[in-house]
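Alright, structures below, take your time with them.
The two complexes that follow have chain A in common; it is paired with chain B in the first and with chain C in the second.
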Partner chain A sequence: MTTNIPITSDPNTDIACRTPDMQERSLLRKVIDRIADRCRSRSLFILHYCTGCGAIELPPTITSRFDSERLGIQPMVTPRQADILLITGYLSVKTLKRVILTYEQMSAPKYVVGMGSCTINGGMYWHSYATIKRLQEYLPVDMYMAGCMPRPEAIQQGFLQLIDNIDKGKAIAWQDYYQQYDKYLANQQALFGPDWHTPTDVIAEARHYELFTEKTTGEHTALLAKYASKYVTLQHEEHEEIVK
Partner chain B sequence: MRPENYQPVEHPASQEYELYFGPNHPGIEGNYALKVRLTGDEIVGIRADGGYLHRGFEKIMEDRLWIQNVALVPRICVPDPPPMEETYARAVEMIGGLEVPERAKWIRAMILEMSRICGHLFILGGTAAPIGQYSNMFWGVADRDYFLDLFEALTGARVYHMFITPGGVRRDIPDGFLDKLSHILDYLEARLPEYDDLFFNNPVFHKRAEGIGIITQEQALAWGVTGPNLRACGLALDVRRDDPYLIYDKLEFDIPTETSGDVLARTMVRRSEIIESIKILRQIIQHLPQIKGPIRCNLPNPLAWNLPEGDAYARTEAQKGELAFYAVSTGGAKPWRVHVRGPSSMHAVQVLEKLCLGGRIEDIALIMFSLDACPPEVDR
Partner chain C sequence: MSNQQLPEILAAVFREIPNLVFTEQTARRLRVELRPDTLPALLELLKGRAGYLHLSAISCVDWPELDEFELVYHLWSYEVKTLVSAHIYIPKNPGRYVSVYDIFTPAAFFERDIHEMFGVYFEGSPDMERFILTEWTGPPPMLKSFSSLGYVEETFKWEQYSPDWLKEIQANGGGIVE
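The block that comes next holds the complex of A and B.
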């Protein structure tokens, strides 16, 4: 039997319970973010998910010859601990579902790198019925590496640029996913059908990161609420408004 | 800690559970998945789940010119692309009645054997990784890079060369290339005893690999197993010997076989094939300078190149097994139909399912890597 511990502190007076005012902590937050970005950029884990042919150039990049570990970049097997989602080449529709699922499981801040021409405009498979053509319609992309396939030197140059971007606080595409979730969801639904949903509650996460905007929800997230209401926490009034 | 609103879900009493193995999993080769049903760690049911890398090659090839497809075919199999180019080029030559110059044939054979060594080094490293021997993986990838450098000197690209075109090869070998190749073959030969100490004679590897994933001769023939996996069952079948293409009838080489048909036998066959490929390359280095002549026959304007009506079936001994292209032309500028018979589609689906059944979960990755299945080629 579980016992509920009574809450003794008053949320209005106790400073630990009070939601801090944005204005009040903005300077502190800026400083902390700056330090965190600098630390983050020195230790990046790539998710070990070989989505396409570009994966063949990753073993030389990571192992002894080009050794990306000296940049602090290592492969990591679980999405929860990974920072970089490296899309190595073309994505078939079946893989894209798994990639979106994986992306939403990763904890923010997270960076998507499109590697190879196929992620930019379809590349060799520009008229294939099975692949997607533009990755950025479905996921926010921080960086593209052109080429079929990019050489290990090009991949490392890309990583260096990404490290620089993270250090300067410019690699913030992941915020875009929360801020404009409706747009991304619209493209995903156009591909997978209106009942497409993932187990992750992106809208609740957007509120958690304080990135909720008016574009986070819309007519497409309303569909999400209709088909998979247990996965989404729209506040009641919002839901009513959207359904109207 | 359980949340307060936790409600246990009632499951029917069963020992079995289902596990999704891949596609995002380091123990799987490429983007491929297996749905495994287990009791404890014993596999009671397994189902291959491919299609993650489907690009519709056979369909998009019908939309492109014969010559445009040269750039498309190597992408079918990522670790071992040159056999794809060669087989497609040969099918086109058979339909169009093109005569390949002698020198181009020797250069083609050289590229195929270099690619075979590359692929074997890569997959031997891959076989070592699931049992925790990462050093071998690092060595294999690093030694493969020497050959990729050679490919770069020869063709200008590391992985996808697009060097073998219908009618010959794109350009002649650069000055001093054969010396470089010879030097790297010497290096690799001197390196093999070190590989033996680290991996091939390693008792840990023998303990894990012996008696795992056995294919008998009858099963191998019934399931359509080809390549090193077939030769590990004791059958000395090799397209290079049985149906010689290019210049393989002029070369001397053995077909290494093993008898037990398990993971260890397949690995040892690959090791012996590296030695055979080195032998073949040495003969090519010796003979190639004496063979003079053009490297490509005269082709018509590739943008208005209509092949005559007809069909052709060309087959090659690729690094992973028997590879074949069946091309049909109706007299147009584009193929009417191109069918690809890849070795991995047999190995990675039917054979892998049957070998894993009744085994244990920790052997799935080992069996998959020992079969040398290539998911991009399974899905195509």
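The block that comes next holds the complex of A and C.
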């Protein structure tokens, strides 16, 4: 079948193809973001990373006793379809690697919720050589739920607060990961060694979301380019600097 | 406890091993101490003659005041129904011992674990690579000479947290209980 629809080439005559000016664009974007945030906050999928003991509080939270689905929150099995990454308790250095891999696979906007004292400052595992202490050094955390463990009521309260934050556009910690990727990567490299990398090209994603700042790249992402050049796309001038 | 009270099958095995001392800790629980070079023979005899098919675990103890590691082999027989814990002491330096993988296959995991946590090398064990602590580059962490708290304070950052609301509570005599 052949089509004979005429294509207008002049962008200023066709309303659909017109390029909005920056002022108009930002206003439009604000309205759309506002609507999207409202919708998003009503339908959240949790990816629960249950290596810690906090996982035991999740079944009553999610099932009929407290029923978080009435808030629009449901568990999800894959990172790519999930909105919330729920870290339920302590993370060992080994599991933190997996969490970072999982987090980077999630599509933005994404929210990290640290549940229990262990994610805040190590909790009762402060003396342990094997667990990380403060989750926010490695991933941008939107919300902590304090407690050892927080009861389902506290988790529900936290979810309600998170919903409110998303609705008001305040849950924007995921942008910080792109804006200050070098800082997060520095902390990750301090634990895993200088050759640590994930298959995700975070710098390219930062450019895609227009969140690229001068803090996105730095001396630590330069190491990334050295050890994981096949995963990282660099601007030409940056690459030449590294080659030099 | 005399040899007469032991099941004869166990007493016969113990008679074969020189310098073996055993004490009955509770009913069905025997503590056996012996020389390190005779341990493989004891395990072989227990397995072959008394039905000790189950090596439950190998434990390692780092005694800070001794220059020796204590290795404990926990064995169970479904026929004699008595737990035998065989204790040996090996010098910390060089910290090498022979593997019992050829007698009990599960020993491979226990030995690999002890190698990772205490640094004891088991000759003849099939795999002495990293087991659980794949990200770990420091000294064996279960050694008493390793300061876990020192490592944590060196590696992880601590941040003082004193928000205004907490200061108010502390001014009124409350606050965080240390």
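The criterion applied here is as follows: the second predicted complex is superposed on the first by the 215 of 244 C-alpha atoms of A that agree within 3 Å, B and C clash if a C-alpha of one lies under 4 Å from a C-alpha of the other, contacts with A are read in each partner's own complex, and residues count from 1 in each chain.
Just so we're on the same page, a residue touches a chain if its C-beta (ideal position, glycine included) is under 8 Å from a C-beta of that chain, and two chains touch if they have at least 3 such contacts.
Please read these numbers as outputs of a predicted model, since none were measured by experiment.
Colleague: Contacts for A:Gly122 in the overlay, against chain B (first) and chain C (second): which applies, first, second, both or neither?
Modeller: second
Colleague: I'd like to know which partner A:Ser64 touches here: chain B for first, chain C for second, both or neither.
Modeller: first
Colleague: In the superposed arrangement, which partner chain does A:Lys183 touch: chain B (first), chain C (second), both, or neither?
Modeller: neither
Colleague: Touch test for A:Lys94: chain B only (first), chain C only (second), both, or neither?
Modeller: After superposition on chain A, A:Lys94 lies in contact with both partners, chain B and chain C.
Colleague: Does chain B (first) or chain C (second) touch A:Phe192, or do both, or does neither?
Modeller: In the superposed model, A:Phe192 contacts chain C only, not chain B.
Colleague: Looking at the overlay, does A:Arg207 come into contact with chain B only (first), chain C only (second), both, or neither?
Modeller: neither
Colleague: Just to be sure I read the superposition right, which of the two partners does A:Ile56 touch: chain B = first, chain C = second, or both, or neither?
Modeller: first
Colleague: Which of the two partners, first being chain B and second being chain C, lies in contact with A:Ile132: first, second, both, or neither?
Modeller: second
Colleague: Which chain A residues lie in the overlap of the chain B contact set and the chain C contact set?
Modeller: 94, 127-130
Colleague: Mind listing the chain C positions that touch chain A in their complex?
Modeller: 132-138, 141, 146, 148-149, 151-152, 155-159
Colleague: Would you tell me which residues of chain A are touching chain B in their complex?
Modeller: Residues of chain A touching chain B: 2, 4, 47-53, 55-57, 59-60, 63-65, 75, 77, 79, 90, 92, 94-95, 98, 102, 124-125, 127-131, 148-149, 151.
Colleague: Which residues of chain B touch chain A once you look at their complex with the stated criterion?
Modeller: The touching residues are 4, 23-26, 30-31, 51-56, 59-60, 63, 71-72, 75, 78-79, 122, 125, 137-138, 141-142, 144-145, 148, 158-160, 376, 379.
Colleague: Using the touch definition from the top, list the residues of chain A that touch chain C in their complex.
Modeller: Result: residues 93-94, 97, 121-122, 126-130, 132-134, 137, 190-193 of chain A touch chain C.
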